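Across the two complexes that follow, chain A remains constant while its partner is chain B and subsequently chain C.
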Partner chain A sequence: MPSGRTWHDRHLGYVFVLPATLMLVAVLVFPAFITLKLSVTPEGGSGWGLTLLHYQKAFRDPVLLQTFKNTFAFVAWSMAGHFVLGLALALALNQALPGQTFFRLIALIPWTIPDVVAGIIFRWVLNPIHGALNPLIRMVIPSFPAEFQWLSSPTLAFPSVIFANVWRGYPLVMVMLLAGLMAIPRELYEAAAVDGAGKLRRFFHVTLPGLSTIILIALALDMVWEFRRFALVLAMTGGGPGTLTEVLSTLVYKTYFQFFTFEYASAMAIMMSAVLFVLSLPYIILVGRER
Partner chain B sequence: MTRDNRRSIVGALILGLAVVFLAGPAAAQVKIRFQTWHWGEKPVVNALEAYQQEFNKANPGIEVVRDESRYADKETVYTATSQAKAAADIAHFLHRAIPLFAERGYLMDLTPFIEREGGQKFLAQWDQHALETCKYKGKIYCINDYVNPLALLYNTQHFKEAGLDPNKPPTNPAELLDMAKKLTRSGRYGIGLIGSRQEGLFMRFNPFFWGAGAEYLTPDNKRSALDTPEALEGFRTYVELFTKHKVVPPGVIEQGAQEVRTQVAHEKVSMEIGVIQAPLIYKAINPNMKVDEVMAAAAIPSGKKRVSSVEYGMRVISAFTKNPEEAWKVYKGWISRDVQLRNFKIYGVMSARLDVKSAPEIANHKFAKVFAAQGPYGKIEPLIPEWPKIGDAMITAVQEGFSGVKTSEQALKDVHIATNRALGVQ
Partner chain C sequence: MKRSAAASERRERRSDAILSYGFLVLSALFALFPLAWMLSTSLKSEAEAFSLPVRWIPQRLTLQAYGEMWTLKPFGLYFWNSIVVSGVTALLSTILGALAGYGFSRFHFRGRTSLLAFFLATQMISGVLVIGPYFQVLAAVELYNTLTGLIIAYVTICLPFAAWMSKGYFDSIPKELDEAGLVDGASRLQIFLRIICPIAVPGTVSTLLFAFLLAWQDLLWALCLVSIDEKRTVTLGVAFLVGEFVIKWPMLTAASLIGSLPTILLYLFLQRYYVEGLARGAVKG
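Up next, the complex of A and B:
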């Protein structure tokens, strides 16, 4: 039986998505293709001569390997911090307390601050001479060194950057978990309470299972975001002391824009994208299943 | 509407568009985008605006328009825009960028314009040492507009308080250390150093490194020369001021040039290796500081060899400019004697033009005359495309030395290996 829809009706949708598709091709597909092409182009070369030397070099580059390790540690600790802080605040902000909306807004503030600004703020807060942190600590512990060095210390620079990143990034996880918490039916808690479950049991047997999908999505998204973190690290330490806080995005930036080895930087970027793709597979699968 | 009417309307529209397209460019002014990171920075912007207004008034067919960049990512912006063939017509850089951009074909060869102005006779008006930084593989890509040699800036009041003679600044690293120790007292440090990842680090580190007799590379620029006792001596002189002698404020790795100037301006630090504009910047940071009375300048106490770092500033014309003639006209005006002298008066920068360098305004200026005297001792890092990688490895080494991640010996050994790797030495 004829549907009554003309060819024009059936294909009109493509016309509507065409501008967005063209835009995506221009800002995503085309640069990705250029990067891929550069990554297999001989150094300083042009045209279509292909080489895999940059990838070969990357696998032997001790700086790149160390930076991969730094990046994985940075992502893992940041995700852990975001999850713990985000969940704790989401639980707190899910309580029916006076001023709930106000506190929810306050908790979102770090998310509104651009990366580079957050980096500069923390750089100043942690400055040994003019920074606010040392005097604050000394108010509680008077014997604490007045000019304690956070970002210049080989042991504390990396944790300091992670701390700043946890502060800046927890609201994304918090908001997602808060939305998940609000979606858990009250009846489940009431039934658990009737069955004699205490607060801790209700958390482990009602709240966490109810949030499991959201937690997975939030962490998967967070992992992708943190893997690409750039401006905060650059503004806070520039990768230093030495290369102790160097992450992949800052190394790719340096290799491309400061060392002018476009081809090698492109190979690094492609490798980084491949790792990111693998890391984001759980999210892609999860979203696919939801549909 | 009849078919004829429709045809008439469409025809009129096409004709109108054709008129707009054809007449438009003829009537419009040629815009020359003049890029620098100084457009938002007083007092430099005053000099830029003075030139912009003066040029635009005198040249009705050309309009100089401002194009912003930022100091930290000027190369990034220029690279990205050059790859899109849309870079600013004229852009501002320091000497390290020239071989990199020239190698990639982003810069216009100025030889034809220079030949037209008189060739060598025209170029003879500039500091020849400076001009070398504009040349790459037989072509000339710029004419320097300023030279920035470094000198020691010190607070004479602090010298008096520490029992030192303010007319006898240190003349070698040992004296510098001795005086820095005497100047270091509660809440105040003898000398401010740069340890953050920026070009300014080299400017302060190099005089001690070269002063000890060290070099980065062998004379043919083919291999690292960092495995010498002189290199270690120079490296340790700089690093140990902080690690061993504690005469540098804490957090040196976080200190850039502006942070050190801020410390000098607020009298937290008594000495620094600084640029000619530093006294003006101290005044801007702390208007209460009587900079002209309190501060003095002297040669850098570099060591066995008298040497100063020097930074050369220049504009380049983009290889992709659509208006090379107009761009050259703007360029030539900017490097003219009158404009360069006015720039010195407005923001204290020293021109690479010989007739400006020798002008009485500079010869009689308390700070400028000292900085000008450093010119003959000025030295720059090797101008090779591999330099950014080598330089970055050296910054890493200095930071590792400062933070104690590695000993000076190990840090220098690693940068020696990294340098050879960057140069392709097996």
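Up next, the complex of A and C:
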């Protein structure tokens, strides 16, 4: 190629990438810096008087500590549920059985529901008197308490929220794993079968290695999504009872828009983002290196 | 010997299929049960929704709740707002994302790797990190309580994904096509618009869908950037029904189902594109 064209190409690349980059700087990076600045500004203060007071307060805040623990548990259990259910469904759907498309469509449906609606659905399903779950359980176990309070129970409120989130979120992982499964060449399975590998061996020696990258990507994306999950929790429990089902998104939202302590909320948001960034760093490095 | 091996393999296949079907049926019930319960409630009168014992199928089917949501609450307006906001967001972020994706896929300019990492990192930013400043800045430039303000906010969350998905998709299209175009004397922009974009339709559709879905389903931004009834989106309208003093469950379930219908239908009709776009973009990339 003539050198003129490569020079041209080098600069043309910027032209294509520039609009999106400028947009992101304006609408994402700039506000993020305001948040950072707000988090070190004294309460009600302005200008450049800096303070770390909000962070000191945050480290001693039992509600924030509890909320961090809740969020980690929420994310970990949701990811586990999404992965197990998503992988099982992807394997079952990858067999070219008759009716496969029908089942794939149905399995996708929960993900097409807005998460605020998913929260409302489960709030109604778990309603102690008029909900569907208690009578359903009593059909199997007649001795089950008639008006069992799922969402105000200190021990079962949190698992209930996670359950609802597993219901709503597994299809994304399923779709990604299914796409990964379809990309594994058939010849690999045939070769393994010729070599006399059984079903389990084929799964561990062909399927899993073929899926490893997409599993990592799916889990990483799922982690980011679940870490930020907001509307499902807000609609289902509002964070209650007490702060037992509070997650970081709902806590930061409340601190901003219900308690109106913007500086403290900013500090919390910065801490939350820093943790999320560190957690997703392996993914960024992995994916960044491959491209 | 050979025949019995084939027979045992066939038997194994059949037992596999039975197991798979059993599992698929169970998981379909798991996916549909909560929705079926919503549907059942939405077809009841309020008295029946609260009657005991709980009835699985309404004794007297009524569409009352589906009428009330448009008259007692302005859900028509909410729908219009959601359609405008999600549609414009999807278009804007897909166009900007496709341009960036093509730039990343075809050009090797200085700083490309760092910029790519930047786009990747912006995917990790949580809405609550920037929601406070957004509220203040939009109020300062008088875009608080406007659909424009919401669109800007939604492009924020959709654009990083749109750029990334597009790049993956363009990577899967052979570079020889571009080179053939160059030989024919076409400009880069012509090549992008006339050769690459038509091939990239499945990827573009999946990006559009993804962005539309993200915007349609959001609650956080609408909750923080809109305070007047006329600018509420569907999800916000539904969320406010939960906050009312006495929850009208038939109307709430009806509004929830109708509010989810656009994204459900879009997905069911376009899921082929979606899976293919994901497969070629995110997976193989």
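Just so we're on the same page, the second predicted complex is superposed on the first by the 273 of 291 C-alpha atoms of A that agree within 3 Å, B and C clash if a C-alpha of one lies under 4 Å from a C-alpha of the other, contacts with A are read in each partner's own complex, and residues count from 1 in each chain.
One rule holds in what follows: contacts are C-beta pairs under 8 Å (C-beta built on N, C-alpha and C of every residue); 3 or more make two chains touch, one makes a residue touch a chain.
Being a predicted model, the structure only gives us computed values, none of them experimental.
Enquirer: Both complexes share chain A, so when I overlay them there, do chain B and chain C fit or clash?
Expert: Verdict on chain A: clash between chain B and chain C.
Enquirer: Have a look at where A:175 lands relative to chain B and chain C in the superposition and call it first, second, both or neither.
Expert: In the superposed model, A:175 contacts chain C only, not chain B.
Enquirer: Please indicate which partner A:249 is in contact with in the superposed arrangement: first for chain B, second for chain C, both, or neither.
Expert: A:249 contacts chain C only, not chain B.
Enquirer: Let me test your reading of the model: by the given contact rule, A:128 touches which partner, first (chain B), second (chain C), both or neither?
Expert: Only chain B is touched by A:128; chain C is not.
Enquirer: For A:240, using the defined touch cut-off, is the partner it touches chain B, chain C, both, or neither? Pick first, second, both or neither.
Expert: The answer is first: A:240 touches chain B but not chain C.
Enquirer: Touching A:154 in the superposition: chain B (first), chain C (second), both, neither?
Expert: In the superposed model, A:154 contacts chain B only, not chain C.
Enquirer: Looking at the overlay, what does A:257 touch: chain B (first), chain C (second), both, or neither?
Expert: both
Enquirer: Answer with first, second, both or neither: which of chain B and chain C does A:64 touch in the superposed model?
Expert: The answer is neither, since A:64 touches no partner chain.
Enquirer: Which partner chains sit in contact with A:230 here, chain B, chain C, both or neither? Use first/second/both/neither.
Expert: second
Enquirer: Which partner, once the models are overlaid, touches more of chain A's residues, chain C or chain B?
Expert: Ranking chain B and chain C by residues of chain A touched puts C first.
Enquirer: In the superposed model, identify the part of chain C that clashes with chain B, out of 95-103, 131-139 or 275-283.
Expert: 131-139
Enquirer: Which residues form the common part of the chain A surface touched by chain B and by chain C?
Expert: The answer is residues 123, 129, 253, 256-257 of chain A.
Enquirer: Under the definition above, what is the set of chain B residues touching chain A in their complex?
Expert: Contact set of chain B toward chain A: 73, 75-76, 79, 100, 103-104, 195-198, 249-254, 263, 268, 385, 388-389, 392, 395-397, 399-400, 402-406.
Enquirer: What part of chain A is in contact with chain C in the complex they form?
Expert: Per the touch definition, chain A meets chain C at residues 5, 9-17, 19-21, 23-24, 27-28, 30-32, 34-35, 38, 85, 88-89, 92-93, 95, 97, 103-117, 120-125, 129-132, 135, 167, 175-176, 178-180, 182-183, 214, 217, 224, 227-228, 230-231, 234-235, 248-249, 252-253, 256-257, 262, 265-266, 269-270, 272-273, 276-277, 280, 284, 287-288, 291.
Enquirer: Using the touch definition from the top, list the residues of chain C that touch chain A in their complex.
Expert: 16-17, 20-21, 23-24, 27-28, 30-35, 37-38, 41, 49-50, 52-54, 56, 96-97, 99-100, 102-104, 106-110, 112-113, 115-137, 152-153, 155-156, 159-160, 163, 167, 182, 188, 192, 213, 216-220, 223-224, 235, 238-239, 242, 249, 252-253, 256, 259-260, 263-264, 266-268, 271, 274-275, 278-279, 282-285
Enquirer: In the complex, go through chain A and note every residue touching chain B.
Expert: Residues 44, 123, 127-129, 147-149, 151-154, 157, 238-244, 253-254, 256-261 of chain A touch chain B in their complex.
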